[in-house]
Structure formats: C-alpha cells, structure tokens
Amino acid sequence: MLEILRKEVCAANLRLVREGLVTETFGNVSAVDRESGHVVIKPSGLPYDKMAAKHMVVVSLESGETVAGDLCASSDTPTHLELYRAFESIGGVVHTHSTRATAWAQARRNIPPYGTTHADYFFGSVPCARPLTEAEVRGEYEANTGKVIVEHFLNAPNEPIDPQQMTACLVSDHGPFAWGETADAAVTAAAHLEIVAQLASETVNVEAYPRMIPQYLLEKHFMRKHGPNAYYGQS
Amino acid sequence: MLEILRKEVCAANLRLVREGLVTETFGNVSAVDRESGHVVIKPSGLPYDKMAAKHMVVVSLESGETVAGDLCASSDTPTHLELYRAFESIGGVVHTHSTRATAWAQARRNIPPYGTTHADYFFGSVPCARPLTEAEVRGEYEANTGKVIVEHFLNAPNEPIDPQQMTACLVSDHGPFAWGETADAAVTAAAHLEIVAQLASETVNVEAYPRMIPQYLLEKHFMRKHGPNAYYGQS
Amino acid sequence: MLEILRKEVCAANLRLVREGLVTETFGNVSAVDRESGHVVIKPSGLPYDKMAAKHMVVVSLESGETVAGDLCASSDTPTHLELYRAFESIGGVVHTHSTRATAWAQARRNIPPYGTTHADYFFGSVPCARPLTEAEVRGEYEANTGKVIVEHFLNAPNEPIDPQQMTACLVSDHGPFAWGETADAAVTAAAHLEIVAQLASETVNVEAYPRMIPQYLLEKHFMRKHGPNAYYGQS
Amino acid sequence: MLEILRKEVCAANLRLVREGLVTETFGNVSAVDRESGHVVIKPSGLPYDKMAAKHMVVVSLESGETVAGDLCASSDTPTHLELYRAFESIGGVVHTHSTRATAWAQARRNIPPYGTTHADYFFGSVPCARPLTEAEVRGEYEANTGKVIVEHFLNAPNEPIDPQQMTACLVSDHGPFAWGETADAAVTAAAHLEIVAQLASETVNVEAYPRMIPQYLLEKHFMRKHGPNAYYGQS
C-alpha cells in the first residue's frame, strides 16, 4: 500500500511541474493512508528532475515523526498534517506558489466568483485565511499555517465551509493550498485554482470592480457538475 | 455525410487545444447538417487526448434528442441548438472559456473596436449578452443561454445584428460563443476573438479609457477583407 | 538579384512567425532594390506555413504595379512604397500586429523611453502617428497610412526625425511599422519594438505614470551601441 | 583554473537563455578568481547560439585590462568589477534585462516583500539604486553604475546591507544586477528575482497598494531557508 502511495505522490509532485504550477523546488504534494495512519510526502528541497518514488518520505499522521525514508520530509509537513486531521474526508494535499493564486494571497484577498468557470469548480469565493500573528509565526509556524486554514473553514461566520465543496484556501502573504480525495485530485484542484485566479486577475484588469455572479448561477454551474443530479460528463 | 461531419467536428475540437483556447475538458464545437436536420457535437466531459471522431454525438436539430453515439452529448448542446435554429446561415458553433475573452464576459463588457485588428474580423463591438435572470438559470439554463444571445442579435436597439458580420458573442458572467459556416470556421472566429480580446485588455492596461476607432475606419478594414469589393488576400 | 531578394524577403517573413510577432496571416515584410527600382513583398493573405520564395511578389517602386509574381501583392504594399520613397536610406520594411506594440497604437500613445533597454534601440519616444481623417481612410487608405508616418517624421515639431535613428513608428488605431537597411534588419527592429513596448506596458502596470529617462542617459545608451564611437559589441 | 572558470561562466551565460531571462544579445555573467585576481566575463554583443567557453574574456580585477581572449569583453565589465571590489564575499555577477524586474527598475521602485516567496530568497525589499547623475552618465558610466549599487548597500540609512543576504539590486531606469558565490549561483539569484518581481507585479495588478509582509514573517521564511538553524532542504 505504501509503495503504491509513494508512486502516486511522486507522480502528483511531478505533475505540478508539467502543469506549470511550480518552479525551482517550490511546491509539495502528500497523500494519507488513513488505515495505517501514514502520510507520504515530498522530501524537502529536492529538485524535481531527480525525484523518484523511493525518495518520498513516510510520516506518522498522529505524531508527525518520520516512519520511513532516508530524506527529510518537506518543511511544510506540519501544515499538511493539520489539514488531514481536521478534514477527514480528504486524501491528498498540495501546496504551490503558482503565480496568479499567490498574487491573490499576497493581496490578502478572497478570489470572488466572477464567472461560471469559477462556479464549475469552487462553490463560492475561494477564501483567504487571515495572516498569522507574530506569536504564531515565531511558534509552530507550519502547523499554525494549517490551523488558520482549519479555523477559517470551521469558524466561518455563518456555518462551517465544507472542504469537499471548497477544495482550496489561500493563506495571506503566502500562497495556495488545495486538496482532494487523492494526491492527483489535489493537484487537479490546484490547477483549477490557478485557472480561476488567472481569470479573476484578467477580469480585474478589464474592470476595476467586477461583480460576483449571482448565487443562483453559482449553484447552477457547481451543481450541474458536482451535485446529486449532475449532468455534465459521462455517467 | 455524418461520418465526414464527425471527422470535421472532432478535428475542430482538437484544434481548440492546439490554438490554446481550452484547458481541461472545457470547450465544445459542433456542426449542423441542415439537410438531414442533424447536429454533431463533442461528448460531455471527455478528455481531449482521448477524443476520436467516433466519440462525436449526433443529435436532432429539432428535438435535441440523441440520434447516434454511445456517449452523452455536451451539456451545452441546447445552447448550440438555439443558435442553429435562429441563425440559419451558420454551420458550426464553438464555445470556449479562453482567458481574455472570458475576462471581458466576466466584466460584462462588450469588447469595443479599439483598433483595426478588431475591424479586420468583427464589424463593431463584440456584444456581451445580458446576464440570465434567476428564472432563466433555474429553468432551461443551457437553452436560455442560447436565447439571450439570439435576443441580443435579433432585438438589437437599432436593427438586427447579422451573425455573418458578427461571428461571436460573449455571455455575461460566462464566456464566449462563436460561429461560422463550418465547425472549422467557428474555431477560427473563436481564435480571432481571443486575439482581439487580448489586444483590448492590453490597450486598457496602457490607457484606462481608450476610444473606439471611428466608424469609417471600422468599415474600411472590415470591408477590404469581407466586403463585396474585398481586396485582401488572393482572389 | 531579384531571386536573392525574394529569398531574403521570404526568410524575413518566416522569421516574423518564429519571433512570435504575427499570428494568422497578419504581417508583411518587403525589401527594395533601389538600382532596379523593384520592391519585393509578401503576397496578400497567404498562410505562413505554405510560403516559399517563389510566392514573393515584385512591384515597381515608382508605379506600384506588379512586375513579376503570380499572386496579388500584400494589400499594405502602398504603405511600404510611401516609406521607401520618402526614406531613401532604408532597404526593408515590416508591418506587424504584435500584441504589445499594437496596444500602444490602439491607445494612440507614443512609447516613451522608460529605460535604457529602450535607449539601446530607439533614440527617443517611438512616435505614434496621428489617426487618418475620414477622407484619408475613404481615399487611398494604404498609401495614406504611409503618408501619416512620413508626415510625422518630416514635419516633426522641432526638426525632422531621422529614420535611421528611429526605425519604427506606430500608426494610431492600427499598429507598428518598422524598417532597416534590409528586410532582416527591419524584422529585428520590429522585434526590438515589441520588447520595448512590453517593458513599457509592464512599467505602466507597476507605476501608473512613470517618468521618461533623462536625455543624457538616452544619448549614452543609444550612442554606446550606435554612435560613431560605439563600444558595444565586437569591432 | 581559468579554463574551468571559462566553462562555468559560459554555462551560466547559456543558462540565462534557458531560464528566459535574456533575449537578443542582452545579459552577461562573470565570475572572479580571487587568488589570481582574474575576472572571466562574456564577450560583448556575441549571439548566445554561437557562444563557447573559448570566447569568454579574461580581465584583471585590479586594472580591468584584458588578460586573455580574442574578443572584446562585455561593455558592462566595469560594473562587474566595481561589485567584485566592494563585495568581497561574492564570486559571480549577472546582469539581465528580464521583463518584470526591469519594469520595477524602470518605475524606480524597490520590490517590496509582498509575500513569503520573496522572503524565501531576499531578506527585505530588493533595493532600487538611485538614478545616475548627468555627470555620472557622461563620465565612467559603467563603473558608476556599479558604484551606485555599492553606495546603496554600504550607505544604507540604518546599517550596511549585506550582499550575502540581499543578492540583487535594481538600477533605476536600467535593470537588475544579481550575484552569488559562483556564476551559477548568480544566475539562480537573477531567476529568483524575476519570479519575485513577477509575483509583485501580479499582486499590484490585483490590489493597487498591497502591504509588505510583517518583519517577523520575513525573518521566519528567510531564516528557515538560509539561517544558522535552517530546516528547509536536506542537511
């Protein structure tokens, strides 16, 4: 099982490069095996062109300690673990510094649903979690990065945000995190997020204050793809 | 005849990828055979790298029902059908979420003719049809999407807009539709639209409120390419 | 001689595609043989992927009439001829709709020298010639397009602009023209213009009203590359 | 030793092309051998596709005179020499006109740390050195270009800026210079600078006046990668 997961996580990391979502050694993808309580994640700072499945590091979901692998796990591992612990439905997590989504995170702005392309993927504004406090940065920084995301989803003003309907979150001053049922699905969500962020940036460029689309249009597009009676795609 | 049309429609769909007008499973191209009353269209949600002519779906122009093909037709099929029914001169329809044209649609703005490149292809502002009402979204959404385009062309304030002179329309909050005598010509129109939208966005970036070109210049450029005495290209 | 020129002009036209300066059938390059009084130019509307030296059309510099070639000359031929007649030092002319330079033309703005990259190539603002009047558009449109460029250079407010020091001009609402000693040099000038226009657009994006660089810096950079005591490059 | 350095400098110059940091004959990379007092640098105006290690020019760090090589050294050589003389810890220098960093230089603006991607590489705003005076431009222009960078680092308002913590500087109206322990490390710094400049431009596009990230976050990200207790990457 772990060998399969290592291959999947390695393939998902390499897909980040092909999709143009990372440069340098940026970005990291992980997956969780909930039965064994193991998380498989990219090693820290390893160039993508030298990456193989055997390099993937296995850590304990509970303790965060390395269980298998010769290399150090990604320094963002504690963020991934926080997300897996709080969002029990997800199986893969990805972090990138993709250009357009990162620009919105740097501007500390939610990405509003400016069009149906957004609604095809994300059921509402993609949220931008609050900046970490000085104490949070000086403390368990990477774990706290995960915690502000979780806080945003579980303490949302009206009701909790469902991580299955909103599969991404920006972190203020930092960049995007995305997730899904598998490592590959998480990368797909990160790719969708970058498309949506690019469209939003281009829209702002044409019209300084575009409006969000109406809620009924948002529901229509999201539900025709993801709802119980979805009719997009092959059944 | 249908087999030829299936090949043409499949080739036109694959051209969308080559032209950079679609990502993921976005976009769809169709063509109509007016003699038999059949429309050939891309199947819903099928990845482009697995697409072959045999996958194209044949539906009835009149009823919209599937006549041939093992897969579900594009969920946007009713939009295509509305356009074929109202615009009798067209033979192919395309829908994309191409970045720059979609940005203008998301800004709910017509694309004004800011230069002669625009005038080479489109005889006036590329219109942006009105947003659908809540009832229209909750009702026959995809058919209504076609109807607001048709409404805009046939109920234009001064006189009807000729779909042969204006071969594209944006739909507010959504994205562009384009058409032509064939499926391939429709893709060409969608490519021209994206070029023109990109130039307009870049112009707005340089000058916040650019002027439209004068009507006589618009006429000159459109007519030297498309008018009865056109002298662009080889006779 | 004409066969060599046909090859050069064809190669220069194909270089436009490689440099990303044209899409579709846009753009045209020509060269003049001043001894014989012949201009060799791209045929009108011919796709670049089917273009060969034998397709290049030969016209008379004096009369504009076709002297050799089976195809129609570019519809912009009269613009090229006006430039050759007025600017006796130039041997090649190119017209493109390259994205960034065209955006400045559509905004009817000179491209100011915002940095030394500009100064490396162009000795001052790249001018934007005035819009054509309705009479000029309805009359000999393409010849008049050349005439507004010539007017701008020869009737410049202070003194004539030297087409050897300023190797490009925008035409309002339309796009860029560039020139040089040969067809290939003209394409190089068009490529430099697009680089400079892109930098200017990105600068405007960062700072709404950037300043022009001081005249002494403009002189320094232009002259160290192009002046009598140039010391850039190999002697 | 010099032959190895020539190969390294040539390889670093060619990497500029692969990284998309230069077009035409722009850009130049050098390296210093402090033991022998030699600097190896790209020749002036040589096209990248014809460049080989044997073309690299060797000049004296002290006098600037050519010691070996058949070609003229880059006209920017005196800038490189000023940097090597003042910043004793650096081994390689690079100059590019990369699009986004040059746009900030043309806007005469520091690049503020708008996000943690910036903080991963640069410990504070990437400074923009003051414009040269007319006397400085008319005098030893290229040497003075280096001197305004050195002045900015050594005369910084509070305390000197450490060129090991800030590995790049913009020059007003001109473009970026970057450096590192080796020629290759200098190119890496130039690539990081372009990424950071692009993110900053896109952030400004989304939010006109973005805030800098707090100092404690800047420290956290820089130090977890570059500090004495860095825990990013493999130990």
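Per-chain numbering from 1; labels A, B, C and D assigned in written order.
In this section, a contact is a pair of C-beta atoms (placed from the backbone, for glycine too) under 8 Å apart; a residue touches a chain by one contact, two chains touch by 3 or more.
Model, not experiment: these values are computed from the prediction.
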Please decide if copies subunit B and subunit C contact each other with the same set of residue positions, more than half shared, or with different positions, and reply same or different. different
Just the number, please: Cα centre separation of subunit B and subunit D in whole Å. 47
Please compute the C-alpha centroid of subunit A, do the same for subunit B, then give the distance between them in whole Å. 34
Contacts with 2+ other chains: residues of subunit C: 200, 205
In graph terms, nodes being chains and edges touches, is this line, ring, star, complete or other? ring
Report the complete set of touching chain pairs. A-B, A-D, B-C, C-D
Within the complex, subunit A is touched by subunit B residues 23-26, 43-46, 71-72, 75, 97, 99-100, 102-109, 131-132, 134, 137-138, 141, 173-175, 200-201, 204-205
Which part of subunit B faces subunit C closely enough to touch in the complex? 114-117, 191-192, 195, 198-200, 202-203, 205-207, 210-211, 213-214, 216-217, 220, 224, 231-235
